[in-house]
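Labels run A, B and C following the written order; every chain starts at residue 1.
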Amino acid sequence: MNVNDVSFERERPDVYGDAHPKALLRAIQEEGDYLVKLANQHIVSGDQFDQDTMKQLFRLAAKIESNPKRFSSPLQNKILISAFYEPSTRTRLSFESAWHRLGGDIMSITDRSTTGIAKGECLADVAEMFNNYGDCVVLRDNNESSLFEMMDSLRIPIINAGNGVDEHPTQALADMYAIFKWRPQLIDAENKTKIRIGVIGVPNKMRTVRSFLKCLSVFPHAVDELVIIHDEASSAQLFGAGQREELEARGIKIATTTELDDVLPSLDVVYINAISWEGDTFNTYGSAFHLTANSPLKEDAIILHPLARGEELSTDLDHTAHNWYFSQARGAVFLRMALLTCMVERAERVIDVV
Amino acid sequence: MNVNDVSFERERPDVYGDAHPKALLRAIQEEGDYLVKLANQHIVSGDQFDQDTMKQLFRLAAKIESNPKRFSSPLQNKILISAFYEPSTRTRLSFESAWHRLGGDIMSITDRSTTGIAKGECLADVAEMFNNYGDCVVLRDNNESSLFEMMDSLRIPIINAGNGVDEHPTQALADMYAIFKWRPQLIDAENKTKIRIGVIGVPNKMRTVRSFLKCLSVFPHAVDELVIIHDEASSAQLFGAGQREELEARGIKIATTTELDDVLPSLDVVYINAISWEGDTFNTYGSAFHLTANSPLKEDAIILHPLARGEELSTDLDHTAHNWYFSQARGAVFLRMALLTCMVERAERVIDVV
Amino acid sequence: MNVNDVSFERERPDVYGDAHPKALLRAIQEEGDYLVKLANQHIVSGDQFDQDTMKQLFRLAAKIESNPKRFSSPLQNKILISAFYEPSTRTRLSFESAWHRLGGDIMSITDRSTTGIAKGECLADVAEMFNNYGDCVVLRDNNESSLFEMMDSLRIPIINAGNGVDEHPTQALADMYAIFKWRPQLIDAENKTKIRIGVIGVPNKMRTVRSFLKCLSVFPHAVDELVIIHDEASSAQLFGAGQREELEARGIKIATTTELDDVLPSLDVVYINAISWEGDTFNTYGSAFHLTANSPLKEDAIILHPLARGEELSTDLDHTAHNWYFSQARGAVFLRMALLTCMVERAERVIDVV
């Protein structure tokens, strides 16, 4: 064995550099009050964030991403309860990494079968116990209602990290953060540039897409048109009751199509997802759609994907400039660092002017 | 979605305030030597605590509960091995939260199937390894003897966090701590007040009840009478060999009954449990008994329950003054903080006079 | 219950004292550059270590073992991803204990079924995520190739903690560290003492033996002869293609035998292992061989075993001076502390002269 075979490169590709977060940081004026207010909220839905709050969250995330070493202790003596009753590596570790980097401690639950819930313990009681054990809860459960059962008893904040097919709001915040890092000027309501966004997915069936569209619709000034790309099978169930109407009422122009390659050349951002969690299992939608290095993408278009990916997103795109999905995943850690710090009443340790 | 729906109250209900622990703290004179001595003991059974040691543990727990932020670092550089071979959320997180709040690090084992025990590794060897890896072990196993197999090889302390139907001593300490927080004067051997305690459960089948009665019997001056409330089916196996005789020899007067509502109006403390762990599964006893807001409870009676609860304890009691079971669960964290600190030779960091 | 029954001895038996590591520390001159260079390597195979690097690792391990309290913070703000997709207590906790003792934080994956890999996530993508979440990965997987799939995407170092039947290099380093602690003079290439080492096991089937022999062959000056003790059934598959030839080319004289008790009286070191991981299960080899207190061992011979043990190694040897397998396991923590510190670019915090 040659020692060269075991060497590796620590340097980041360009897209991961700090030029983008620094540009976004400069594009937003600090207004810390919006961050302080987050200490009184559970994080349940993409609906609960207004434009000002999101901007301040993205600003703080960008500040942390620009200089992570400055933020190694804001969560000292704070304990996270990381409760993943549904399988996950990526999301659990993203939250736990965010918490650890901020100096906090963690207790993990990675499997429903190892818990007292196996004895029939009700979630309201579990939540009552959580009040005594930690300072914040992150919950993923394939049961939509578990989150709400816990919320009733909690006196510490809880974050919805995916509740069935319903929502996954911090993923959506990370998605928006990626878009604004890519083009910081889009965040300014006075700005005249607009982008055309395609979503390959089923808004009614995918929690990531549902939450993303809610967050996107808070910035209608940045969106020229939203194009939902779906297969024939999904046509009838593409939107839930009132879902499309609400997005349109917020000022988002929506088109739908079943022809991916027809619309690709006009899209600035392509958001693709194929997996939908439903009950104890998952379904795959739109498996006819594939993005590859040969897809007719606009030259400067970027691709977002909440990951994990399947065959819909070819690895031959990984080394192209279209790949912003890795940056999106990386940025999610910083976005969560920003949000978690605010939720446990430590915003004053990270904002510049108190 | 309305942002008001996601808001929550951080303030604690009155019962969780610090008036009770402060009153208990004032009721006990510090004698730190009893705490220092705990560094030489495994924690196996309710039998091993004398009155003086328990008083000092309760005093330290009350001191921590009165001002938890003062105690964020006594376990710095100490590592807990949290080995839960039997399903548990509540107890595992209670111990882990206690350890983390004191500034220590944790390695968790939450499932026997993920361990080398699957390769046939014997527990004495596992314990020998634990000596190298950590500073304290917390063990839960549905096999009564696992604890003793490990103890033989250990040069670091181990805590029995539930061994089959045998014992669960830290739960019992937490139970007693709740009682003395409720009425601090009871801890004084000169005090003439006595309480009548009812236990809905089977002392011979429930590890929580077995350990609780052992700890209770160390304070016979506080107990007017102990009433065991059980169903007909449990009559023949209510006590184990010598169990009742030992309690009586320590000065506890014992009555038994099958009529809950007849005895309720005379009880000051009602301890209820319905689940008994037996081998790989659990049984439910006394499912005929239910406590609800309509039960004929004495006005100032309190209810204790080791949780998780089943149907035997109605949630309509949660918002009444009878509910001390949530305070009991909360206090368990502080009681464990007190005990753990002493066990790893850090008592001198938390007692006032060394 | 008598309180004496719950007491325990904190003092270590003599073999665990610090005389041995201190002697080894004195026997090696510090040359820190070899440690600094480890920051650019994944740890994959016993092949990748030359004599100088191993000597410096053993020196640093001995320095830490001689005074562990001096080394409580070199990994502050560093995060370990501890990914054990194959069952393990001992190895996982050994790594995690090493990391915690150095002041770092940990995220554990203890079960493949709780991860996104259940959704079909490919390992290259998992590794890409790991880049964002932590500073080092420890991986155990019964699939030999998982390690290599991850390496391609990693920009942080990974340690092979057992990949199928292939290798387990840090175990081998710990084995060598035990031998050199036992006889520090053996590490000196000018030294004329040589030892005769017997290995009860199948080099072609056991990852621990494979890696151990690779590391041993880096010190041919210390080895008089290597005797492989095997049963008839293993004869045909004792060595893999080129395995024996490579060891001999490095200067190791090799003999093989099926008669354990004939060769035992001449051996200075007896390395025994019986378990081989193969795919999802394990096989036992050489179950005819047993070491007991009655085996015809040389008076000052030592026994090594990677543990967990089966019936091949009798517990009646535990309290004899032949038992260096417990010291070997204990030393593995310090060896890993040394290696991990170097890998995450913190060598300068633990070497004396920078």
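The rule is short, and it goes like this: a residue touches a chain if its C-beta (ideal position, glycine included) is under 8 Å from a C-beta of that chain, and two chains touch if they have at least 3 such contacts.
Fair warning: this is a prediction, and the values are worked out from it, not measured in the lab.
Rotation relating subunit A to subunit C, from a C-alpha superposition: 120°, rounded in steps of 5. At the subunit B-subunit C interface, residue numbers used by both copies make up under half of all numbers present, so the two copies contact each other through mostly different positions. Between subunit B and subunit C the centroid-to-centroid distance comes to 41 Å (mean Cα coordinates, whole Å). Multi-chain contact residues, meaning those touching two or more other chains, occur in subunit C at positions 108, 110-111. Only residues 40-45, 47-48, 77, 79, 81, 105, 107-111, 113-121, 124-126, 128-134, 151, 154-157 of subunit C touch subunit A when the two sit together in their complex.
Residues 1, 3, 5-12, 69, 72, 84, 87-90, 93-94, 96-97, 100-101, 103, 106, 108, 110-111, 275, 282, 307-310, 315, 326, 329-330, 333 of subunit B are the ones touching subunit A in the complex.
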